[in-house]
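Below are two complexes that have subunit A in common, paired first with subunit B and then with subunit C.
Our next item is the complex of A and B:
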């Protein structure tokens, strides 16, 4: 019979090996899935890689996709460390995009660029934070399961966006397409590198990762977050206000997701529409988990998954391979990493 | 309009509400049992998509909706085994594994569903008027002029309620979810019980998905389940882990679905985005209210929900 034997201490080597092997398993199963539909997986992966890392421009697009992943994941790390399951980054991202777009669409375009961008940034942060604080309050005061409420709020946010895009915010000159009027140049985040779409949002993302690292390691709040994550009951007896900390952490997490939404509409799309890549909200959960909730590793994983998203988008156009392949690879990698956690603490043994 | 005309519309509406509710009833009952043995499976949405997809394809290829339904049920069950293996054998985090299953179901069906998009089914379940019962005024035409799958769901809800509360199987499975160590001491094989009921949850999610594409919306679209899996998970709390209460919840939410389609069909001035938002908004409110009631009444989820069990560790 096979059984698990507890290790003396956590294997550090495995900690590095597991995420890499998990990703490889995801890629391997992805290849199998591609073979089944009669396409050469080598050609697909080669094209995906070239479109993600093969040139400066390709890599710049990878960084464009990595930016929202970094922002959202930074926030998720904070709440996941507490054992609070914010699955609502998708909706928080949308609400951030909506509230920041409000300024771009309705403020007089003459106002100065810095003021406009500050308003939009604040709008993004507040929109996302509100959408995260609502389920946090229900969680703290009435023990309403946050997994379900944050998830339902994703759908509600999506339909708020659809309502605005098909109704009051639709550009009358968009030939019936559900698009807002284009943002004035004052509402567009400055590009950091010429001939790319990398914009100031990348700086926001890097700062947010450093900030979350600092919060967790160096502040009293971060200390309390870790204590609550280890054992909420102990935390309560130690005099930590668990509820207050949950609400603050959720607000930060929601704000970062909302800023990611702001960065996407202000830095990349330059108008509001229904498709604003809110799925980054779900991908970020995978990124957070594959990084062991470690801010430094989250930087690396975000770039990797940014490449997968951006390369996956390219092969959909160039090779007509469904974008579903990205979800398949990501989910199998996630299965592998969750399943493999046990090998950090246990050894596989064989007993007759 | 005459009174009888109104009655016809209401009967049609409620009869559709039952159908829409059936899509939710199967996965809700399945998840109730998975949670009762301590396994939280957030992959319902993904398993429903997989069931919907295989149900659709097999029906399309064989022109036999019953074969399609069975295929969808089994596909959902097989998908659940990934989650079972990770959360039971490997003791992985159930929340993350379940989310992975949902992402997997969406990715899998988007990838393989590409060539089936917007295709229709010509074969569906036929309504079967039950003798005597269908003659009951109003109620008869709503409840007893349905297809076999709906009748099956009536029986299933009752049988599962009976198993859960009135049989040894039910006592044992509840023991596993409440206190796995004690259950093990009683001689119950915790792993086996958890595998069986997680698998059952998968079969049921597959059934809900297959009923959606074969019996309710006979075409294929990416993400056709549109969050119904999450509503089912919310309904588990709404039903307070009781299969019979799940019936009430499922039909209530089925009515919202049916009403939403009826209003859209008759050309209302309410924007369709608002109508489409309705089920999620109502579920949100319902889940908040139920949670408050559950807390006040000291009803709680199975005690060891989401907690892995290890026989080796004492």
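Our next item is the complex of A and C:
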């Protein structure tokens, strides 16, 4: 018979091993799927790796994909630490992209670049924050489960975007494609390294990770977040306003997701369309878990998953393997990592 | 009485990373015997029982059942060996019926429960031991005493011959313990062997045949009941001549600090008023004891004062200011500090460090925090001061507080609240789980702040504690106060009657 025995202490070694093994299990299942379609999985993974980390340009593309992951994950770490399960970064990202695009599309192009970018930045942050505060208010005042509300708001955000793209914001010169008119150059984030797409958004991402680390570790608010996350009853007892803190943390989390959306449209795509890679919002949930809600580790995992994303696009073209493989690897890795949490606190024993 | 040995524990030792909970325990239990296991909190009683019941594996030692060595690795092994445990906190599923709870987890029941066969067997058990409970009632409809009966029936239903009862009287009113003892005596007559864990000497003398005394993880002695006195037992239990005798300075408190008037608290969960028309005052420099069986509204009363529950009627006035339904933060800032009964569920954040827990009351104040940023160096100093002053055994103040023993957690919590220099300290079960020395220390601290003209509301189940340190005692029953009397004008018997719902004036007259 197999049974579980409680560990005296959480195993530090396993804390490192579990995410790595989880990712390997994901890669293994991905390999199985590749074999089924009759392609050599080794060649695919080799190509994926080369296209993610093999050259400076490949790596720069990895960083481009890692940028929104860092921004969103930083915010998710804050709310997840509190025990609030914000599944709505997808929608918050879209709303941030929409609101920041509003300025790019409708402001007179003559206004100065800094002013335009500040407006777009604020639009992104506010759009995302509103979309996150709505479920937070429902949670605080009527005890509506935030997992459901944040998830449902994702669909609403997507349909708002589709409505705008097929309707009022559609570029009349786009030959019927659901695109906005291109952003003026004043609405494009400056590129940081020549011949790459790495832009100022990466700086936002790094600053946001440091800021979240600082908030959690050093401030009164961060202390309150940690106490609430550990036990809301204790927090209430200590005189902490649980509801207020939930709303603030959700606003920050939503704002960072919204900024990620702004960075994507302003720094990479340069117009608004239906496909703006909002799936980063879901991938970031995995990134947050795999980093144990630790801001420093989130930097590392974001780059890793950024590589998976950007390498994944390349293998689609070079190896004719569906990009869905990347989604498969990511989801199986999340599955394994969540399932493996039990081994941190328990060990397996055999008995005859 | 030299009957067969049904259970023998030889040289049982259990080591934990930080402590040795049991050391070299030799223990034997005979057929038809009630064997009391007596010891202070933290003496190792529970660890020893958990070893017998398969929750822990001993580091060393052997267990024999009916002279056969056995390995008890899980509670299932224990049940298969005829050992049954009645936990202090019942393991019952509230929305299910008595019958469903009894068959829960039984493997031979198949998919559909054979209700008739189960009821027949229940009737048999009921007749044998006068354990009658309506099998179709839901658990939540039963009183605590009845729920305990269900727990006992559950164990007997599984064919247990050895029953372990972990402080079974802790949840009962004084008047409910005698019927329980009758049941135990009937089971004994039927040849069951019973281990009865307690720290109450009266009960030991009333019901047991043999007594084993545990102290600091060792079994001090096993004696026949006839051959000892209560006083000797107490000395063996504590390890020196006791008992608590505090020097309580005569004092006449006059000025009113807190007054509670016509207080009602409604619980939406239970659909009733859990506090009803409660009136009392606390004077400056006095200790007001609140006695009562747990769950009779004493928690709700003090939580309402502390701002954690809403009063539906009535008022709380502190130093002339109406503080009814103010926030917990406000109440703490005007000088009322509260030590909750549930330290892990409310008083502490168990996954956070000792430092984070120690600063819970002042993390937002200078000098710990300025400009909304916490100074962790200052926090560390604050924590070390608390730890040193109260002699709290902490290996690492950066490690999660849940790694501390229950007693040390309680000390940190108590110290944290005391460090705020409250005008009124509300202490719920402040000595529960503490060893003798810490208990004495905590009680002395409460008396000390009383002498410094601060006030204390003390909630306790331990009547000796309440009687020895309170100035006045209020007794609650079903959310109402049955009466308030000076500690010197009241005895345990009267308190017991009031705890069962008799008003003080009806006793006095």
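Brief remarks follow.
By definition in this document, the second predicted complex is superposed on the first by the 352 of 352 C-alpha atoms of A that agree within 3 Å, B and C clash if a C-alpha of one lies under 4 Å from a C-alpha of the other, contacts with A are read in each partner's own complex, and residues count from 1 in each chain.
As a working rule, a contact is a pair of C-beta atoms (placed from the backbone, for glycine too) under 8 Å apart; a residue touches a chain by one contact, two chains touch by 3 or more.
Since we're looking at a predicted model, the values are computed, not measured.
Once chain A of one complex is fitted onto chain A of the other, the partner contacts of A:218 are limited to subunit C, with no touch recorded for subunit B. Of the two partner chains, neither subunit B nor subunit C is touched by A:13. Of the two partner chains placed by superposition, only subunit B is touched by A:144; subunit C is not.
Looking at the shared chain after the overlay, A:285 reaches subunit B, while subunit C stays out of its contact range.
Of the two partner chains placed by superposition, A:173 touches none, neither subunit B nor subunit C. In the superposed pair of complexes, A:195 makes contact with neither subunit B nor subunit C. With both complexes placed on chain A, subunit A has more residues touched by B than by the other of subunit B and subunit C.
In the overlay built on the shared chain, the residue A:328 is in contact with subunit B alone; subunit C does not reach it.
Touching of subunit A by both subunit B and subunit C, each in its own complex, is seen for residues 3.
Partner subunit A is touched in their complex by these residues of subunit B: 42, 82, 85-86, 90-93, 95-97, 99-101, 103-104, 106-114, 227, 230, 233-234, 237, 271-274, 276-277, 280-281, 283-284, 287-288, 291-292, 295, 310, 312-313.
Against subunit A, the residues of subunit C that register as touching in their complex are 16-17, 73-74, 306, 308, 327-330, 332, 338, 340, 345-352, 356, 359-361, 363-364, 369, 372-374, 376. Residue ranges of subunit A in contact with subunit C, taken from their complex: 3, 8-9, 218-221, 223, 226-227, 230-231, 233-241, 351.
For subunit A in complex with subunit B, the residues that touch the partner chain are 3-6, 33, 36-37, 85, 87, 138, 142-145, 147-149, 151-153, 155-156, 159-160, 162-163, 166-167, 282, 285-286, 289, 322-332, 334-335, 338-342.
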